[in-house]
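Take a look at the structures listed below.
Two complexes come next, and they have one chain in common, chain A, joined by chain B in the first and chain C in the second.
Up next is the complex of A and B:
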């Protein structure tokens, strides 16, 4: 297992351990809620990074995976009495399969057209769900508090959900890392740099793109399942909120698209910034304006994001991070 | 010598422009075939038709006994056909080694990552990029990028290599060096189909020459025969220097 000898493997392990332990000390619920949101952001940003940073495809509608995962999980639990873990896994698989279908369709498009199509997928799915009877249409699905009982009651269930989400975040980071170091990842990066040249070099571009689109849907769908199970309530505008998608892109760009550590760092920083802005009396209404300005500044002045900038200044950092 | 690549009656139109018209030729195993012709004769289009960037309107491309007409570039690449581009297409934010590793990974032998890196390194050494392995492709000079194109194609361990003007834009020293590299590639048993404007170079390298003019085959034969063909000289007229060079070669 050469991967065990890589420092980055242990850095990820340390981050997971920190997330798991920190709020447990003294039963710090406020910290837990903060880190829970950070774990969701890291999961979403790491997965979108495989599309955006590796394969060079901007997915503006990635939140559709999160929302659909939430719907599948909540629906399987409330209408069919599935246990949480089974509902999460089934949701992940179903959303991945759907993403493969969407991907085969819209990945014929490139650049701006692809980005527009991803928004179309999100809006289309939202319109469908809002009119889909079994999922409660536009009023959504409410979960009975009884569903928290198997996890030891509501208070304990929140901790279980938190630990599961930290697990999903850890898996996202390892997945992102494993893909980057694999032959599959090399092919994706070749596509991201020059798709035509990649095909001439033998990379089966349609298959690779569909595979990464589908792969990047799996863990966000599970995170969505956990997130909406925690809320005990899901409705189309919350599940398919484009603002969440946009924030995910800002995070990946801020941290450094194409790097593994970047999205995690970006998610943490963005979440801190967002928390500060939301509670600040001056800025509370300008949170998204600031996110927009931030995105512009990154694109214009530091396209490699924070990690890109750090790697340029201290190239040796690359030996420790990815 | 058996046929490795057979091009049969190939035609391609772009709107009203007949870029390639009923073109047929054969590249034999282990041979170098030179494809020459004035600017706009359709040479690069022929390459794009062979490796699947464009699908032909008519005609067939048979590679290694298999009909690959209209197949995608990645399909053709995996069968053992690699190419370089006239306008270099580096994977800019990847290192020289990574660029070559892509070629090795997804080429004919479909190598695993570790083996592919070895093969990539060998290919980079062969073209003289051994001290640039960790340089970003974007930071190479134009001569370096041309060599990278070649290294990447070689890393795929192809049976046939399509070289699209690898000598263009190089200074005389670099040209000498590149000619040496092409001879070394051929010595490894790789067949070559090359487009080149440097007449002395292509005349001395090629076993056989096909001359293209306005998309159609104008002449074909040994370098010496083609160079003295009145039709060929006429096609190049308007550039008397070139005609004289053809005679001299």
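Up next is the complex of A and C:
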């Protein structure tokens, strides 16, 4: 196993271990809630990074996966009595399959046209769900507290959800790493640099793009299932909150698009910044504004993000990070 | 039957305004290859600009049009220098993200100031009656003003020297630079005009429908639909496509709940993008030759 000899593999493992252990020490619930949100951000940002950073395709509606995953999971549990894990997996697979279907359609579009279509996917899916009777239409679905019983009551269930989310986060990081080092990832990055040249060199561009679109849907869908299971109810405006989508893009760009460590670093920093902004009386209403200014500054002045800056400062870091 | 006809005609009147909004996007897209994701926010800016001018300054509704038009231009030009100029000629990802960032800032400021409440601009004009049905005067007025603005834009692009420079830059930027056209300034001006068109479209929509800070997204989607339907960088096509979109809306509203309109429009958007990427105008031209 050559991968075990790579330092980056162990860095990811250390991060996961830190996430798992830190809040368990002294039953620190507040820290757990913060880290839970950070884990969701890392999951979403790592997965969008595979589209944005590797293939150069911006997906403005990545939150659709998260929201639909939440809907599938909550609906399977409340209406059909499925156990949590089965509902999560089924949700992930269903959303991935749906993404493949969407992807085969809209990924024939290139560059800008694709980006526009993803905005449309979000609006369209949200309007569809808000009108879809079995999922409660615009009033959404509420979960009975009884559903927490199999996990050992609400208090223990929250810990179980947290550990599962940390697991999903870890899988996202490893997936992102594995894709980057694979031939598939090489093809994606070729698409990102010059799609025509990649096609000429034998990269099956439509198939690659559809595959990565579908792949980047799976783990966010599971994270969405866990997230909405935890809040025990789901409504279209929460599930398809465009702010989440945009924050994800800001995070990936902040950390450094195209790197594996970047989105994780960006997610942690953004979480800290957000926590500070929410408690500050002056800035609590201006979260979106600050996210926007941050994104604009990164795009205009530091398109490589934090990892790009670190690499330039200490080139030897490249031996340890991806 | 008469009801359906009235619904279609009303849809066409509203569609003309969608066409106007689409012209704003298509102009910027065609000239500088930048998809202006601030478009929705600018439409909303036009709405709230009108609201403020009418409610706070007491200016008659339709007299706000020139103010909104000039205001939009004066906002658009600096915006070009701040957010767009540095990403011209870079991969599309960069201009998408930079205009998107500006959109975030504007929407964030808007929600911080006005929240997400519903606003409306008090505008009433005598309607035009056809049997049992009455077309609201505001809809007729909006369509008429759209026709005037589109005409002026056409004259500007095809009859004036600056307009010709805009078209030259659109056709080939390097060649335009070589013959002495200050391309950066032309691009800034084109961006300003695009934003001004978005603001005016917002102003006209605000006389017809209530709006919130977040209304921009839906109208932005409609504008994109109109743009791709009409063919990229083709203002006339955008206007025709806007009318066509209004026609479709008018045709479907009697049969389908309003909340489904956006889903239908989105499906239409993707189908058009995939089936006729050159837009309907190209299809017509192709048939003719």
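Odds and ends about this structure:
Quick note on the criterion: the second predicted complex is superposed on the first by the 322 of 322 C-alpha atoms of A that agree within 3 Å, B and C clash if a C-alpha of one lies under 4 Å from a C-alpha of the other, contacts with A are read in each partner's own complex, and residues count from 1 in each chain.
Everything below uses one rule, namely that a residue touches a chain if its C-beta (ideal position, glycine included) is under 8 Å from a C-beta of that chain, and two chains touch if they have at least 3 such contacts.
Quantities reported herein were computed from a predicted structural model and do not represent experimental measurements.
For chain A, the partner that touches more of its residues is C, with chain B and chain C as the two candidates. In the overlay built on the shared chain, the residue A:127 is in contact with chain C alone; chain B does not reach it.
Touch criterion met: A:204 reaches chain B, while chain C stays clear of it. By the touch criterion defined above, A:296 reaches chain C but does not reach chain B. By the touch criterion defined above, A:196 reaches chain B but does not reach chain C. In the superposition on chain A, contact of A:187 is made with chain B only, not with chain C.
Contacts of chain A with chain B, set against its contacts with chain C after fitting on chain A, share not one residue.
Every residue of chain C that touches chain A in the complex is listed here, in rising order: 35, 83, 86-87, 91-94, 96-98, 100-109, 111-112, 217-218, 220-221, 224, 228, 257, 259-260, 262-263, 266-267, 269-270, 273-274, 277. Looking at the complex, you find that chain B touches chain A at residues 51, 53, 72-74, 77-78, 82-83, 85, 89-94, 98, 101-103, 105-107, 112-113, 116, 152, 156. Residues 182-183, 186-187, 189-190, 193-194, 196-205 of chain A are the ones that touch chain B when the two sit in their complex.
Only residues 52, 56-58, 60, 105-106, 108-109, 111-113, 115-117, 119-121, 123-124, 127-128, 130-131, 242, 246, 249, 253, 285-296, 299-300, 303 of chain A touch chain C when the two sit together in their complex.
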